[in-house]
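Two complexes are shown next, each including chain A; its partner changes from chain B in the first to chain C in the second.
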Partner chain A sequence: MRKHAVLGAVLGAMLATIATAQAADREIVIGYQAPLSGDRSQYGEMFRNAAQIKLEAFNASGKLAGAKVAITFEDSKDDPKEARNIAHKFLDNSKVVGVIGDFSSTVSMAAGEIYAAEKMPQLSQTASHPDFTKLSPWQFRNITTQAFEGPYNADWILAAGKKTAAVIYIQNDWGISALDGFVGGFKAKGGTITATEAFNPGNRDFRSILTKVARQKPDVIYLAMFYEEGAAFAQQREQLGIKIPLYGTSSLYSPKLIELGRESVEGLHLATTFTPDNPDPAVQTFVKEYAARFKSEPGMFAAQAYDAVGIMLDAIAKAGPSVTRESLRDALAATTGYPGVTGATSFDPVTREPAKALARMTVKDGRFQVVTGP
Partner chain B sequence: MVFDVFFLQQVINGLSIGCVYALMAIGFTLIFGVLNVVNFAHGEVYTIGAFVGLMVITALAPPLLAVVPLVLAVGAASGVGLERIAFRPFRRFTDEASQKSRAMREATLLSSLAVSIVAREIMMHIFGGDMQGIPSGYLLQQPVAIGPIMVASGSLVIFATSAVMLGALQFLLYRTQTGLGIRAVSNNQLGARYVGINTDRTIVTTFAVGSMLGATAGILVGLYDGAISPHMGFAPGVKAFVAMVMGGLSSIPGAVACALLLGVSESIATEFLSSGWKDLITYSLLVITLVFFPQGLFGHGRERA
Partner chain C sequence: MDVNVPDARLMPDTLAPPAAFSGRGRRFAWTLLLLAVAFGAVPAAIVGTGSSYLAQIAITTMIFVILSASLNHVTGTAGLLSIGHAAFYGIGAYAAALLSTRLGLPFIVTLPAAGLIAALFGFLVALPTMRLVSIYFAVATLGIGEMIYVILLNWIDLTRGPMGIRGIPPIGLLGWQADTLLSRYLAVAVIAVACVWVLHRLTHSYYGNALRALREDDQCADSMGINVERLKIESFVVATFFAGVAGALLAHTSAYIAPDNFRFMESILILAMVVVGGLGSLPGAVVGALFMIVLPEALRDIGDYRMIAVGATMFLSILLLPKGMLAEGTALGFVRRSFSRGWATIAGGTPVGWK
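On to the complex of A and B.
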């Protein structure tokens, strides 16, 4: 008899648990894979910090009645093998409706092959390899590539009435993709490229290139390089008395550019996705919250993760509390003008490549300032 | 391509970069000449000169001319230290067989490479791998217009310094007792010892003088370039090495001439080719020289002992 009483009590307790679970909100889970240990762990750490802020704000907002969203973090150690194990783990968990991550293109694509085969929507905040979104209709990213930034800058330059450009680029994979992106966009809209000049990484003397390029008197010089070279280039341009205006890729966006280049970088134009100085209230809220909680100013990587989580939560809210992996994918593909901190993001319904309104900046009075107008 | 003002500007650009190579090649060749061993750590002495100069400038903000003696002193000290750590242990044996031993020479070469790596990593650890900016008051970057041609003030300073260094070294080598000693050791170390020259002291003097020149080159190029980093010595070091080999290994004027030739060739080549190819020009010139002038352009036959 005693035995039956115990059994009854246990059964009763179990039924009660099920009943309360049904009465409470459904739990929807987003899987987040990122390097949380190893030598890339600083990025995973930033992603997790930013994701927590966004998630808490979303659950508190009550945008999704009848369900609570949680994020489960898994440490991929920036290792493709680890990422594949995580992919299987997320797929086996029926609560997981979508995945964010991974950090690098290589690791994101290793996991992406499994998500593509097993039909799980995947959104990477940073994978910029051209082939990532070509894996399957289940892959998305919210980081722009040079294939987007180049034509964007080309439009900007042409709209300012400047019709001819010379391109100086660093001789590596990234530099070549930046060159192709810009030249393609500039020529397609009727601009003329007067010269394209490569230099080897580590080069510090640009006087010969500058002299050669100046001979053709282009309206602008477009720089596809990093801040060390950008600062040296701008200084030597000033010394040679060349007045052709400079435009550059977002890779030049660093306080170090101004620190090293000083007055010579005044008037340099570039477009970037995220700047903590952006007066947009959404950006300022994020920057203040992040700084208050984690005692550091958020950079581009934290902002990318903040928006990736925001885009996915937005898509879940649109799909409703009964969201499935399929309906989440469709909702993600329909993302248009998501008002994030890295610019308003839309996904192309066919290629799933992001389009963003970038912040246009110029160096003025020794600091980067947002440009309004052309 | 046309012979216009842009072309003339390219020649001037080439001469200014050539002067940077020459400034480094002078000390490099001097040290090579006395021991017949490549001193791979010369690029690090150059970097140390630049960093010490920057530290002095940021800490004390002295007039520019006061920075030079300090950098010279640090250069001399690091040259003496370098000789003690990397070179002297391999001169323990003074018999003829050891002195002519190839293995000994290669071991010395590798020990200078080891010291250079250690020195660079320590600087990376202290200063970080990033570029460090030079305070603007000290920069040698003011544009100077000579007719339609633009030159940076730093190019003129570097050109003048190279000329002064070259002249002073020629005076030291051919008009003083110390110089006679250096030439004697360079010619035949054992013979020099037999006639009563203190070879160790002569070698230390050579390292001190060569490293003083190297450290001065470092800070001058830093002021001209606007930024310095622990890796700054590598690229000009390679070019200085090529200039030294082309010049005939032990001829200092030859190395300077070849450094200028390299600079101008690279610069003019940019007119015809993408500048990504300019290192190809340097190494092609080296190969051509070695094939047709195995002694170098300014070298004369000497016993490779």
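On to the complex of A and C.
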């Protein structure tokens, strides 16, 4: 009998300590689902690395008094059926107020259907599917699509005083969305499109397209393609002696473009979200920290995740230590001008699509450099 | 192998009593136990813990029980190694998704339609490939599986390609809709149990014996008057029908499908369930599905080494139990005894044949 009483007292004391600890410091959890094993695990690994840097910095900063934020990682293997299980696992955990992930659009949307029905804010760092943010008011993304990038580049070209453009695009769903985005934005602001030419994926011979396009003398040629084709295109343009300046989508942004294209890509302009060379102190802090801890230079994907975590932590701080799934969603929707490493980010309160101030770059002296003027 | 037990019908009357001796009670006990787990214990656990995670895993498991049991029918029982099963699962899912979102057909129509459409494709695939044996048939199904995946990915006008199809309505019947996870689980469980029951009657019968005969030696079976080609086609069509049904369940429970759900790795996963459970053993296929879905989830907490642990467990299970967790011979004897499907030759003796 006495034994029981002692045991009871000890247990009671333990419970009391736990209770007071909880009252003092509430634990807020962010669920992070990403492929940590399988074919796409390298992306999940980058996301986790970047997220840890951001989280530690946030908890050390004391922006959120009275609560501590933790991130729980779950491995989705880039498999929709695992993602659905994870979604329910996070939903069951009352400490989880918001979810970041998944990597691919298909998997993000498989889980997204569940988050939409059960009311959990979800922020994907990479899902670019046009329907993702249309699932419900609970979905957000931190990646710009061609529907944003096209008009952004159109404005940039027009501001530089160039009024006519020819568009060369790759014949696939991405290329078509890039074409639509740019042409729509360019025409709306008073520009003229002289020609739009498609090529099939795998094609490396652009001479006929170049000759045809050059005859109409557009002010610029806009390239919606990837670096392999971009380098081949630039070289053939040089060989044919065509001097029309090149602009391109962010997909061309790769050191390989310069490696393959050499002098021919000099003067090519493009806008991108993240570049490790950006002199912005926020970018430099991130790049140095990442390189020191993980012995590799962070790429675009790590940066997207770093900012996605930052945006969610910022929203949690704004909602305060008593944050709920509901209040976090509202705080996320109110994100304006978040100073991230992928450009200042704002979410449209209605469509929840991100708008970013992109870094404008050009190839100069054999490397990408940030353009400051128009 | 004790699959080749003598056929009771060929025995003298004195040896084969007219009625089963092994008591009816035991048959009902096992049937009741299985039904109690599917419709009693699991729903009780879902309600008791209030865990939607558990419900989701239970739904996924039930869908994979159908897939694994149906693949076992063609690969285990009839001996045709198919490594394109996920493609028929995909056809069923897309059929159900398109029929319900584009034509607004109800679940009661899309479910059988998905099965029939998948079976039709299975029939078309079976016609030219049935003359292929062993690994050649496997490679043919691999090719067809990839072809179907690529078609789902690229026929954008119909399937919306990588965009997938969303807004698929939940399971419903005459105005009732499975809105909660529990009701969704129950609906899926009812259909899964029905599918397994049909496969059970097909496998545990003289028809099943014929399938096993052509697996062991199709020329010999042919010479005994078994129509080998027809049986092979039938078993493939039956398996693809149930794969289509599983696809319809996936579409209606997850609301969103995309070609990534039906990749090659999914076929391999289903095959692994069949092999780990016991090739040719229907109870094994069910246990294998349970094992392969629940194990990776149960090991979630060990983090990065999770899939290594899953792989090691599979490796050890196949090393120590090469015939599977419930080997075919054991399973057949178990079904004969415990579900009273065999003829008891003498009181308390080993039951033989099929009722």
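Convention: the second predicted complex is superposed on the first by the 359 of 374 C-alpha atoms of A that agree within 3 Å, B and C clash if a C-alpha of one lies under 4 Å from a C-alpha of the other, contacts with A are read in each partner's own complex, and residues count from 1 in each chain.
The rule is short, and it goes like this: a contact is a pair of C-beta atoms (placed from the backbone, for glycine too) under 8 Å apart; a residue touches a chain by one contact, two chains touch by 3 or more.
Please read these numbers as outputs of a predicted model, since none were measured by experiment.
After superposition onto chain A, the partners chain B and chain C occupy separate space and fit alongside each other. In the superposition on chain A, contact of A:R367 is made with neither chain B nor chain C.
In the superposition on chain A, contact of A:K89 is made with chain C only, not with chain B. Contact with chain C, but none with chain B, is seen for A:S37 once the two complexes are overlaid on the shared chain. Judged by the touch definition given at the top, the superposed model places A:K288 against neither chain B nor chain C.
Of the two partner chains placed by superposition, only chain B is touched by A:Q171; chain C is not.
Residue contacts after overlaying the shared chain place A:K119 against neither chain B nor chain C.
By the touch criterion defined above, A:R262 lies against chain B but remains apart from chain C after alignment on the C-alpha atoms of chain A. Of the two partner chains, neither chain B nor chain C is touched by A:K217. With chain A used as the common frame, chain B approaches chain C to a shortest CA-CA distance of 16 Å.
Those residues of chain B whose C-beta lies close enough to touch chain A in the complex are 4, 6, 9-10, 13-14, 16-17, 20, 130-131, 133, 136, 141-143, 145, 150, 152, 225-227, 229, 231-232, 234-235, 266-267, 270-271, 274-276, 278-279. Per the touch definition, chain C reaches chain A in the complex via residues 50-53, 55-57, 60, 156, 161-164, 166, 181, 254-256, 258-261, 296-297, 300, 303-304, 306-307.
The residues of chain A lying in touch with chain C in their complex are 36-38, 73-75, 77-78, 80-82, 84-85, 87-89, 91-92, 104-107, 109-110, 112-113, 118, 129-131, 135, 173.
For chain A in complex with chain B, the residues that touch the partner chain are 171, 196-200, 202-205, 207-209, 211-212, 214-215, 228, 231-232, 235-236, 238-241, 256, 259-262.
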